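Here the chain labels run A, B and C in written order, and each chain numbers its own residues starting at 1.
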């Protein structure tokens, strides 16, 4: 990795499949360009990364009408979890669960999918974003 | 434009008129200050930029009660598409449709409003954001 | 404060308690690390900062099922307004109401909670974010 590459960091709050897919596509793109990617899972997004729940139907944003839902679900793209695996294969992608959300939902690391690398507090997350970009999704 | 001005980049995901308006106001403000603005249209936001659909009612965020909707709709501001035209007049504003979302919704560039300058993949978008700021809206 | 610390800026659009809490936690974390924090209140978030309304029930994101709502409400964390007060105690936190949203909702500064430091336009906000990070929440 080029020393000058700055991280792309994503705070994932929403747990719908469309937003998770948008996030995963950004993660793959950034990782492929040699940028470290930090992902911080909060609230509903964290719940989508529970073991055994990743491939569940996490609904779409409320804006998706029935007709749009059909079109989006019919699109033959990879699942967001597969995109994240791919991002980890090609680059440096670190996925952390927010300690506060873990506590709120009474979750332990063993309750989470192996895609999640660890649990950290918000201070550690903010330290990791350094001078790169951060998106709240 | 000052060479040191860094871009302000907006990933537009939501297609409601209130979020599109918030985005357009940020775009006008940044363009007026000499910052390049990159806008990347995904999912529901992309659909709001279809030709002939720009001035349609794209609803408001689900938080808008009936009373709030009335207040917001009664406010005499410019339409978000007018604000974006104004931003293009005063500065360097580039609006790109996400290739993946175009494919998902079976859209071609001719299906889009002329405000949209082109279609690009996520890698091109990430390259364009360089070391400026990126907001996901 | 270290002169090199760059601001963390938050555009708050949503006015639900879960997103306001996520924002407040980021603000506390950044302030504790010596980073200036700029908060810009728009739309539904601005309404949550009206005097006498801060502790009202501002609902949760639509993704919160009844069961999740119960779990989130039962979690013994501090209210987001308390976290913001704490952030102001430990660091440099500036909370500004968006002039356009103030006008839209027919609000004056005296209608707002004392947590809000002032009213500013989007140009002033963009000038204040300089080369730090900006999240849209």
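What we mean here is this: a residue touches a chain if its C-beta (ideal position, glycine included) is under 8 Å from a C-beta of that chain, and two chains touch if they have at least 3 such contacts.
Computed from a prediction, not measured in an experiment: that's the story for all the values here.
Colleague: Please identify each chain that touches chain A as well as chain B.
Modeller: Per touch definition, common to chain A and chain B: C.
Colleague: When chain B meets its copy chain C, do both sides use mostly the same residue numbers (more than half shared) or mostly different ones?
Modeller: Copies use mostly different positions to touch.
Colleague: On a C-alpha centroid basis, what's the spacing between chain B and chain C, in Å?
Modeller: 23
Colleague: Pull out every residue in chain A that's touching 2 or more other chains.
Modeller: 62, 133, 135-136, in rising order.
Colleague: Would you tell me which residues of chain C are touching chain A in their complex?
Modeller: The touching residues are 6, 8, 18-19, 22, 25-26, 28-30, 32-33, 35, 61-64, 68, 71-72, 75, 77, 133, 135-137.
Colleague: Help me check something: in the complex, which residues belonging to chain A touch chain C?
Modeller: 11, 13-16, 42-44, 47, 59, 62, 100, 103-106, 121-123, 125-127, 129, 131-136
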